[in-house]
Every structure is written in structure tokens, then in C-alpha cells.
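Structures follow.
Each of the next two complexes has subunit A plus one other chain: subunit B in the first, subunit C in the second.
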Partner chain A sequence: MILELKDYLDDMKRCARCSLCKWPPLAQMKSWRFSNNCPSIARYNFHTYSGGGRMALGLALAEGRLDTITDELLNIVYRCTACGACDSSCKYNAELEVLWPIYSTRAHLAGMGYFLPEHSMIIDSLRKEDNTLMKPKADRGKWAEGLGVKDLSKGEKAEVVYHAGCLYCYDPELSAIARDTVLLLKQAGVDVGIRGSQETCCGSTAFQLGFQGEFIKFAESNIDDWNAAGVARVVTSCACGFGIMKSVYPLLGRQMKFEVLHITQYLDELLKQGKLRFSRSFPARVTYHDPCNLGRKSETYVPWKGTEKKVLGQFILREPEKAVSRGWNGVYEPPRDIIRSVPGIQFVEMERIMEYSWCCGAGSGVKQTMNDLALWTASERIAEAKSVGGEAIVTACAWCEQNLKEAVRQTGGNLMVYDIVELVRQAL
Partner chain B sequence: MALRRDTYRLFENVVGPENISDEPAVLRSYMYQPFGSKEGVWAEISPEAVILPATTEEVVAIAKICNRYGIVFKPMSTGWGLHNLPGVEGAVSLDLRRMNRILEIDEKNMYAVVEPHVICMQLQVEAMKRGLNCHIIGAGSNTSVLASATSVVGYGPDGLSMGFSGRNLLGVEWVLPTGDVLKLGSPGAGSGWFCGDGPGPSLRGIIRGWEGAWGGLGVFTKCAVKLFHWNGPPELEMKRTPPNYVLKEPIKNMKVALFSFPTIEKLAEAALQLGEAEIGWFVSRLSPSFVGLQMASGANYVATWQTGMLQEMLKYSFLFVIFANSEGEFDYQQKVLAQVLGDTGGQISPVSESREMQELTATAVIKVDEVTRSCFRTTGGFNTSFGAMDTVDLAMSQIKAGRVLKDKYIRRGVIMDDGGDNSATLVFDQGHMAYTEMLLMYDHHDHDSAEGAYQYLTESNQAMLDQKLGTPIFQVSQVGQGKHGMFGSACYNYDKWLRRIKRQFDPNNACDPTAYSSPEE
Partner chain C sequence: MQIVVCVKQVVDPEMPHSAFRVDPEQKRVVPPPGTPPVLSPFDQNALEAALQIRDRLGAKVIAVSMGSSLARPVLSRTLAAGADELILLEDPSFRDLDSFAAAGVLAAAVRKIGEVDMVFTGRQSSDWDSGITGCVLAEELGFPCITVASKVEIADGQVRVERVIADGFEVVEAPLPCVVTIDSALGELRQVTLQALSAARKKPLRLWKAADLDLPPLPPPRCELLDLFVPKRETNCEFMDGDTPGAAAARLAERLREEGLL
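Let's look at the complex of A and B:
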């Protein structure tokens, strides 16, 4: 297993309780209004909801300091999008893992049979239908009907497999974006195929909820299928899929004979190669929302394995040196380069961006189980977009887009929400 | 002793069910307090419930319930350290996190009115937009503005130009331990927030004196603090230089440098002269270890340390920052600095001349965001010692005493070898006062190390008493009630006054006295 609470005892025991996990990196704070980085502590306020509080909770569980697992404890554990902002802010000053103890706490609880009732439905759906949305497996490939795209599950060959992801496959509005994506790739001359009804979930939600057995099953199956298909590249629109494929799949020890790209990286490449060219203007003041899984959570995680020894008296020296993922190497520039290159666009940044971006609120099953938290979090992002005069917010994740759109509808604003592919299609 | 359900409901009626909790997982997370715990990370005593009031009215109602039903309460702002928790059984914690608004920034009169959970960085970024800046304590910009102004010490190295939190305190709204509300200074006379000492009652000495009541004397729900002129850009743009964020552009008329001196006496003389000349924006002792940990971590730090280069170059050094309002003033300050260095044998350290160090240090002195890195990262456990506020000479005496004492424990291997002299901070208020702390790092999960650190702290307190070095930061309050008595008889029996104050303002002893003073003789 890859999520073991005991592996993070030292991290949990060395939290300084300084609360840096509750803010963007201090040097990057720009205003009082947008000075939170963690939706969970910002919404619920008890220290327990912060990265540091969750570390304390995880440590208490690991040390047997909590006698009973209550419903409220489970609510606290899962009222968190596992967006990783706490982790990124902490590592500005320390080298502690914060996000992985959060995952491991969930895995610890799930391993004992403790999770929310809604999670049963999600995991059952995953087991039976290969998706977390409770949709029939047989319908997964319907979005691509009539596109004339190769189906690798039927033995056809292609250089690139396009992995749409669960939401893009099943949500009618988002399916249109998946169709547009395939058309764009074909227009650029890419030898692309899909896996139709045989495409399966990436396992991201299962991983983040702590169901690591299910995650491993789906991850290994995907790696095997893509290896068997002989593709050189896996291109996905699903930011969650991209994040998990980049950050966690490599830990499974299976050789990945393909390169994983997010669609924003691939489109950026095709635009820079001149294989796609914009011809139409998009006159609007546009901002960009960094999906957590495309940004700070897409760095390949390297678990530290080694020994600690004391030097200079009590200085704790790790051998070998620990590789620290601060979220600085996520996919940040490709989507921005695409947006900036669209004629007529006035691109403007929000205050919280890149590795200290504010989460949309949908991640880690929160959209499916605690929609009030998801929508509150999204409404904060919408307020931030408006504060910089944004007329439209562009993103590159199906969950972000869906959640932001619902929050705009609920708050009655006129901010437009676009998937980056929609923007590209409109500008071509 | 769990809270009775009917009492819990009284609190719940005040703040709403979502803002009170006695869930064991919540209470346990609050008990995680490594800073100040003798060993390990867990407090021994749990609050019975944590309550999140949002307004002064809610704080008043909670305090009145506590007085009526004999329940002890303890407030906290950002909650960093064991002293934030109640030290008695059966108490409730008031986490003031929801009281987090900047209520006013008066640009013309240069002050801000804040609630308890506004942190220094939030105030700084808003103040800078208006050409103003705020004092940030040495513990960092992640701490509460109000807490250091009203309740806990309040020194920071920018105090050379931006004072001390206790002095910067203007008007105050105070919920007494009884639940009555008292407004101090000008708000007490309905005259706005501009002054802490009148018109209206001035109780600055009562509410905090030198080091504050550490949450043991009611709840300060609003306060005004002085702001200071900021001559830099309204927003500071950063760039990434892993693992740091540093200023994208140098700030005009700012000069940051480390200076080293042949002896500690010469260093003290330089600090005094600079203060008397009323130049400079920031000054702090910075130990070779502190500097090294800003530059490197892990094996790189150890390798650098073992060369002895930093210790040699920075044996007696301080970081000094000039930040002038004009080129003319900048030149003037540079000339004065050169003269002081000439008089005292001071030299600029080449360490601080590299572009990387310039960027790093200039950012750190403004943002004060590097404390966790230098203090907690190496061993996990951290504490501080000495720290009386007095003259430059007394500060130097503390450094000398601390160095001797720390060397003993370093030789025993129970605390980190940081060269012994890991003192921080220096003169403030343009040299009229001085202050220094002696930092120490240890492994709080290693019994021998934790015990050694505790012995060191105990011995350092005794050294302050024996060598007449003043009263130490933290240890008096952190060790708990009754410890003031150790210093009281040597310091005008101030402990008796604290007890009297506690009795008068808190007749039911409703506000946890542990970190402050017991009302009993």
C-alpha cells in the first residue's frame, strides 16, 4: 500500500503549529480579502480543519489518542478538497509533508471501514461501472459517436490516446468539449484514438478518499492498457486524471512506456508549432483559474525513504536528502500562454495563483458529498475573479468548470466560465 | 469534567451550533502544542469545548455565562504555543479566529483598528497600499497584531524604526473577565481610536505592562495600533528562487547588510551609536546559524557549518537595514553608518553582498516570514530564553551569560550546536532600549534532549536572577502560575501587584490565570 499513516509520523510530530498552512505563502499575500488559502479552515474555522489541525488529528489516530471514530470526525476529515494549498504553504518554510498525511488519515479510516455513506455509492459505482458518477459503463464512449475517431479498444492503433475522463464522457455539456478536443487534435494532424467504452476512471477520487485498493486497481489497469496499446502519449482533459497520473502512478512501480500530457500542454505545443492558428478575436478581460490537480498537485511525488541521524548535537539530518515537492513545477504556463495568444484577450491574473491558487471547491469528492462547501469555495473564487475585473474565467478542469458555473448561476452573477478548449475553438 | 449539556447549550445559543465543539477530534487538535510543551507535542489538559465567537457581544455573553456558572475561559488568537490553552481542568477555549477584520485604516492619523485574528501580514499588505507599514514582531508576520499589542511582549527587529507593540498600542476595547466592556484611551471618551492614554482611561500598565497578561485578564476584542511611513511600492512583487519567494526588484533607497565586529563590546557600541544617530530601519543580531539556515538546509547547511566559515565571519555581527525617504537621506545615513563602523572596527560581511543574500534578506526583513525555517526546521523543537528589555549593555550581558550556559548543554549534546551564541534582535526605539533573546533548538521527541532543554531554560532563568539580568521572556509565563514569585522579590514585588490586579479585575477568577498570575498570594 502507498498510503500508510505510520510513514508520516515524523512529519505529523514536527508540525510547528505556526499556522503557515492557513495562509498563502506570506510573501505572496496581497490583500486581506483574499488572504486565505484553505477553503476548509476558512469555512469552518476550527483549527482542526487546517493542514496543521489535520496533521494533529492524524497523529492522534496513529497514536491511539482518539477512542471512538464519530460521525463528526468523519465529517471533519472529508470536509476538505485535499487541494494541497496547506502543503505548498508549509513547504515554503519547512520540509514537512502535509497533504500525504491527510490522504493517509483517510486511508487509515477507510481501511477500518470508516467513511461517509455517500462514499459507498461512489466506490460501488467505480467497482461496477468504472466511473464515480453512477453512470452505465456501456455509455462511456457515446460522447464520441460520429466523430470517426479511432477506437484503440477495438485493436486500432494511434500515436496518441485521448483520455477524456469521467465527467467529459458523461456530462452532456462537457461532452461537447471532449468532442471539440478530438476535432482540434485531428485538425492539427494528430494521430489520435480513444478507448471508447473501455476507457475507465483514473482512480483519482478513490485515492483521495482513501480507497487505495480501488485506486491501485484502476491505475495499474490504465497503465497496462496504454502500454498494450503502444501509444507514445496519453493526452487527457481531466486535470484530476493528469494530476494522479503524474504524481502517483509512478509510485506503483509499473513501467509507463508513454508520456502523459494535459490537453493544455498539448494544445500549447500545437499552437507554438503552428499546427493550430487563431484567426478570430475574443475581446474580453479574462482570468485563469489554476486547477489544483493540474498545478501544485501534478508534481511527481517522491516519498522519502532513508535514515535520520543526529549531527551537531540534535540537528536531524536525513540521508538521503529529501526531495521536496512545493508545487512550483505544476502546469502553469501552457494554459496561460494559450490564453495570452488569443487575439483580443486582455489577460489578468487573480491574487492567488499557481502553487498558492485558491481551490474551486469540487475536489476529492466534495462536490458529490458536500455541495454547500463546494459552492461556497467556488463563490469565493468568483469574487476574486470579479475583483480583478474579470469578465470571464477560464479553467482547464471539468470539476472546476462545473462547480464554478453552478456557483455563478447560484449567485446570479454575469461572469462567464469557459473551459480552455472552448476558448481555443472559438478563436480558431 | 465534561461541560454539562445545559451549559454547553447556553454557549451554543450565543454562537450557534456550528461555532462550538466538544468533539474529541477537535479538542485533540487544539491540544497539539509543541511550542512550550516540556516534551512531545501534546498538552496535558484539554479544554472542555472550543468556542468561536464572532463579535464583542458574543464574547461578553460567554464571559458572563462563565462567571455565572463557575467556568474558566481562555482566549487565543492565532494559538501558537502552549500558553494559548487553558491550564486548568474544566475550562473552555475561546478561539477568536472569526474576529478577523481590519476595521479601519486611518491614513491621515496613521493607525489601524483591528480585531484579534488579524495577522501582521494582512495588515501590512493593506497598509502598504496606503503608503504605511506596521511593526511586525520577531516571531513573524503570521502572528496576531492585537495579541502582541495588548497581551504578549511585542518586540521585533523593525522596532528600530517602528517601535514596540506595547508602545504602538492606542485605543483598546476590553472585555473584562467579568464580561463588562471597558474602552481604554480615546475610545473610552468617544473620541476615536487615536490615543491609548486619553482622553479616556489609560490602563496600559494594568493590561499589559512589559510583557502582557497572556490571555489571563479577559479578552481584548479590538485595538488600534500605530502605523508608520512606508516609502516603498504599494505592492511588493515577488519572484521564485526555490525555496524562497524574494523581491522581484530591489527597493529604492534600501540597503541591507550584515556587519561584523572584532568584539561584542564593539558591536554594542556600534548599535548604541546608530541608535543615537537615529538612522536605520531594522537591526538585529543574527547568528551564524540563523544566517546559515536561511541559505541552506540539510546536508548543505551541515557542510557549510562544519567549514567554520560562517562562525568566523559572523561571530559578532548584526544585520542593519537603511531605508531612506530620499537619495539625500540615503547618502546621509550611509555616511553616518560608515563613520560608526570606522569608530567601532565594524566591517561589512561578504556573506551579505551576494545578490541572492541581498534579495533574500531584503524580503525577510520586510515580510518577517522566515522564523519557522530558522527555528523549527532543524530539530523540530524550539524555545527561547533571556529576553529582558533594558539597555544595550544589559543585552550584551544576557548574550554573554547565555553563551556560557548554552555551551554547557551543547557539549552535553542535548541541544543543537548552533555555535552557542544564537541571539536575536537588538536595539529599538532608535536605540533608547535594547532587547535580546537567546534561541535554542532541540528535539522535543527525544527525552534526553527535551529534558536538557528544560534544564537549560530553568538554569537560564536562575542566571537572570543571580546575575541581575532582568526577567526573561516566556519562561515566567509559560512555566505557569506562581513562577512570577521567583522574580518578584528581586523586582519591586511586581508579582504582588499582578495578583492584586487579577483579584480586582477578575473576582471570580473566571479567566484562566495559568499563563498570567494567580490571584492568590
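Let's look at the complex of A and C:
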């Protein structure tokens, strides 16, 4: 199994409570105002809400030191977007796994039957309707009606399958972006198909909430279906889907006979090949928000098994050497290259970017279960975008876009929020 | 009217095959991390049966579950679905009881509840599939028992039940109080809403230990589990050659006869 709390006992024991998981590394910090990296500890300001605190909690659970699982404990466990910022910051100095013990703590609790009531609705929806949004499975392919795109679930063949993702399929505003994406791919001459009503959730939310069994069912089914369809590439707009397909699917031990790409990677490739060309200007000062699942969380995780030896009383040597995912190899440049290549655009970076990016607040079921935390986190990002003079914030994740838009509406600001595909469509 | 529904927390029968493990030493299924227990599916049907009667005639529906370590969020789903009260019979001594002992504990709980008009259980639980508990519970309580019900109606102090049988269904009547075990043909448990989940937090949840029940000594186990294993499944594919399709078919028939399959 993937998420076993006992596999992380050494990491959890070795956490020195240094609290470096709470901030970006000092060398990356640019101002006091935007010096937090973890929405949970920044908002609640009690150690258990931080990466290190969650390690202590996980250790207590693994060692059987928690007699009762209270509602408050569950609230703390799930008041976290599992954005992985703590993990990236910790690994700047140390090599402790922080994010996977957080996942494993949730899996441990879920295995005992402890989760939030709202999660049971999300999981019920997955079991009955193959999506996390409580929408009918039969309606999943409706967004593509009239596009004339191949439907692989009906036996048609294509080189590329476009996996829209739950939100892009069901949210009317985001469905328009999925339609635009297919039109862009067709315009570039890509042999693309979809799976219509047979497309299912990637399982990302189930995984992040700790429902490992449910995740495995969806992941195995998706891999088998894409292998059977004979596609060479799976292209997705869903950053959460991309992150989980890249980082966790390979751990299931099933052969994946296809390459997984996020739409930003594919559009960047098509633009650089000259298959898509911008013809219109987009005169605006624009910044880019890195979705966690497209960035630091999209590196393929390599579980480590081996022996550890302490030398000189403090240094840990591992045999064999451990592959450490520091978030360095996420998808950072393709979306930035796309934005930079749009005529007339003035691209400006925010303070917390790439592997040290601030989360939008929507991840890991937080948007569905704790909207107050989601919106507060998004409002912090909006403030950061404004602080660098951004007139618009571009992102590449449906959850980020939806959450940032809601926060802008709530705070009454005039910052525009764009999906990167919208930007491309407007500039073509 | 007061209806008791017995619900059992079981290992998720829909867990992925690749995650299914058996500990042969302990003779136990090892629940994989991140796969929560669920309400046994037939017990969900039983709860739905009780709620349908409550909707038609008005009744208090009490869900009762028994075990040594019960997951509140899983069992609270009974309250969210509409049960008025949840009683957890939780005690270390209730670990791994067989159907006869389990029925004894449940019967003690029903007696403690008092005036009970009906007791519903699932036709069998999805973990061991024994299908014994409901019947023994009726025996313990001295109630009539009707099994494998697909429809339940109450009129004039009588319960009228449609039972699933091999070639259709039969109709059986019994006086109240009685025990009815419910089949999936009765219908799925109703959808739970977010509002109902919130409201469920305010409904009564009682915890009864073994000492809280007037419990006679539990009978020794009547079944001994000798072994627990995942059966090996082997597939061998052999092609029959022949000059003609008829000759190949004849050869196939011979091979099947050799294997004792014909």
C-alpha cells in the first residue's frame, strides 16, 4: 500500500520542531507581509496546524498515544489544503518527508472510520457518480456536445485523449474553457478524443483526504482504460489530475503506456512548434499563480526503503540513497513561457512562486468543506497579486480559478482572474 | 411505534481487489489504510425499510450497532439518513463474537430499550454472509421472524411482508412484535444531505457497555474458523487442433471428458 503511517515513523520522530516548515526559506523571503507559506498555520497560529505539528500528531497516532479521536482533532487534520509548501520548505534544509505523513495520517484515520461528515458525501458521490461534485455521471460528457470531437468510449481511436476533469466537465463557466481547449487542439491539428460520459474522476481528492482504497479504484481504472484505448498521450486541464497522475499513479505498479501532459505543457509545445500563433495583443500587467498540483506536487514520488545510519552523532546516511522530491521539477516554465509570448502582455512575478508558491486555498477538499479557510487563503494571494501591480492573475487549475474568482467577488476587488486557456484563446 | 434497526460496521466490500489482504496467522482480513469501514449494505436496506414505515405511519427509529471499536462517523450516517437515535453497544468483550453471541447482546439491548414493535436487520452481513443473527435474535426475544423481505407493510397490528424466493416472491403475515430481515430488493438507503449530516450531530447517541446490559453469559463460539485464505485462481488456455472444425470439436469434447468436466 502507498499510505502507511508506520513508513514515516523515522521522519516524524526526527522532526526537530524547528518550524522552518511554516515559512519559505529565508533566502527566498522577500517581505514580511508575504512571508508565510502554510495557509493553515498562518490562519490558526497553533503548532499542530503546521507541517511539524501534523508530524507530531501523526506520530502520536502511529504510536497509539491518542486514546480518543475528537471532532477537534479531525478539524485540525483536515484544515489543511495539503499544498505541500511545508514539505518544500523543510527539504530546503532537511530531507524529511512532511506531506506524505500528512496524507498517511488521514489514511490512518479514514481506515479507522474517522473523517468529516462532508467527506462521506464526496466519497458517496465518487462511488455512485464517478465525480466528487454530486453531479450525475450521465451528464459528464455534455460539455462537449456539438464540438464534433472523437469519443473514445464509443470505440473511436485518437492519438491524444483529453481528460477535462470533474470541475471542467460540470461547472458551466469552466466547461467553456474545456470546449475552448478542444477547439485549440483541433486548430493545431492534434488528433484528439475524449471519453465523454465514461471519463471519471482522477481520484485526487480521495487520495488527499486519505481514502486510499477509493483512490486506487479510480487510478487503476483510468490507467487500464487509457492503455486499452491505445492513446499515446493523456492531456488534462485539471492540475489536480495531472499532479496525481504524475506523482502517485506510477506507484501503483501498473504499466502506463502513455505520456501524461498538462494542457499548459502541450499548448507551450504547440506554440513553440508554430502550430498555434498569437495574432492579438493582450495589453495588461499580468501575474501567474502556480497551482500546487501542477508545481511542487507533480514530481513523481519515490518511496524510500532502506537503512539509516547516524554518523558523527547527527548526520543521517541512507543506504540506498534516497530520491528527495523538493518540488524543483514541477511544471513552472511552460505556463510562464505561454504568458510571456502573448503580445502586449507585461508579465510580473509575485513574491512566493514555484516550489514556494502560496496555495490558493481550495485543495484537498477544503473548498467543499471549509470555505472560510479557502477564501481567506485566496484573499491573501489576491493581496499579493495586487502588491506587485497585477491587473490580472492567470492560473492553470480549475479549483484555483474558481476559488480566486469567488474571493475577488467577496472582497469587491477589480483583479481579473483568467485560466491560461482563456488567455491563449483571446490572443489567437 | 418503536422500531429497532441493527446495523453492522463491516470492511468495505467494494475495496479495490489489489488492496485486499488476509492475515493467515490471525485469520483476519487486514483492512488497508485509507479504506474506512462501511455500514453493511443489507443493513442499509433494513434502515430504509424502517424509515419508510416511519414516513407512512410515524414511528421512532433506533439504530443499534455492536462491536469492540465502532467508528462514530460511519455509524452516524444512520442518524443523518433519518434514524432518531443511535445506540452503540461497545465493549472489548464484544470483539469477534459469532452470530449467536452477537444476537444475544443485541437481544439484551432490545430488551433494555423496552417497548419495541419491530426489529429490522439485514438479511446477512457483507463480511461473513452467515445470515444467522436476525433469526437467532428473534429466537432470543421470542418474536416471530420473517427473512429476506423485499417489502414491509403494517396494518391492524400485523406485519405483511413480501419475501424474495427463487422464482418470485411470497407474502407472509405475522403479529407484532416481530423481527424482519431485509433484502436489497427493498431499495437503497436514501441519499444523505449536508443539512441532515449537520442535524445528525444533535441527535442522541448513546453508548452502552457490557455492564450496562442485563447480559447472560455469552455462549461459547459454535463455529471454529479453521483457515482463512484467498483462493488461488489459475487459468490455463489450451487450443484444440483438428483438420476440420468438427474434428477440433470432437477433440475438445474428449479433453473435457478427460478432465472430468463432461
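As a working rule, the second predicted complex is superposed on the first by the 420 of 428 C-alpha atoms of A that agree within 3 Å, B and C clash if a C-alpha of one lies under 4 Å from a C-alpha of the other, contacts with A are read in each partner's own complex, and residues count from 1 in each chain.
By our rule, a residue touches a chain if its C-beta (ideal position, glycine included) is under 8 Å from a C-beta of that chain, and two chains touch if they have at least 3 such contacts.
Predicted model only: the values in this text are computed from it and were never measured.
By the touch criterion stated above, A:107 is placed in contact with subunit C alone, subunit B being left untouched.
When the shared chain is aligned, no partner comes close enough to touch A:259: not subunit B, not subunit C. Number of subunit A residues touched is higher for B, counting subunit B against subunit C. By the touch criterion defined above, A:120 lies against subunit C but remains apart from subunit B after alignment on the C-alpha atoms of chain A. By the touch criterion defined above, A:30 lies against subunit B but remains apart from subunit C after alignment on the C-alpha atoms of chain A. Against subunit B, the residues of subunit A that register as touching in their complex are 13-20, 23, 25-32, 35, 44-48, 52-57, 59-60, 65-68, 70, 72-73, 76, 91-95, 310-319, 321-322, 324, 326, 328.
Within the complex, the subunit A residues that touch subunit C are 1, 3-5, 104, 106-108, 110-118, 120-121, 124, 127, 210-217, 220, 252. Every residue of subunit B that touches subunit A in the complex is listed here, in rising order: 18-19, 21, 23-26, 28-35, 41-42, 50, 52, 78-81, 95, 97-98, 102, 118-119, 121-123, 125-126, 140-142, 235-236, 238, 240, 242-246, 297-299, 302, 305, 363, 367, 369-373, 375-380, 382, 410, 413-418, 441-443, 445-446, 449. Put simply, subunit C touches subunit A in their complex at residues 9, 12, 14-16, 18-19, 31-37, 69-74, 76-77, 80, 191-192, 194, 197-198, 200-201.
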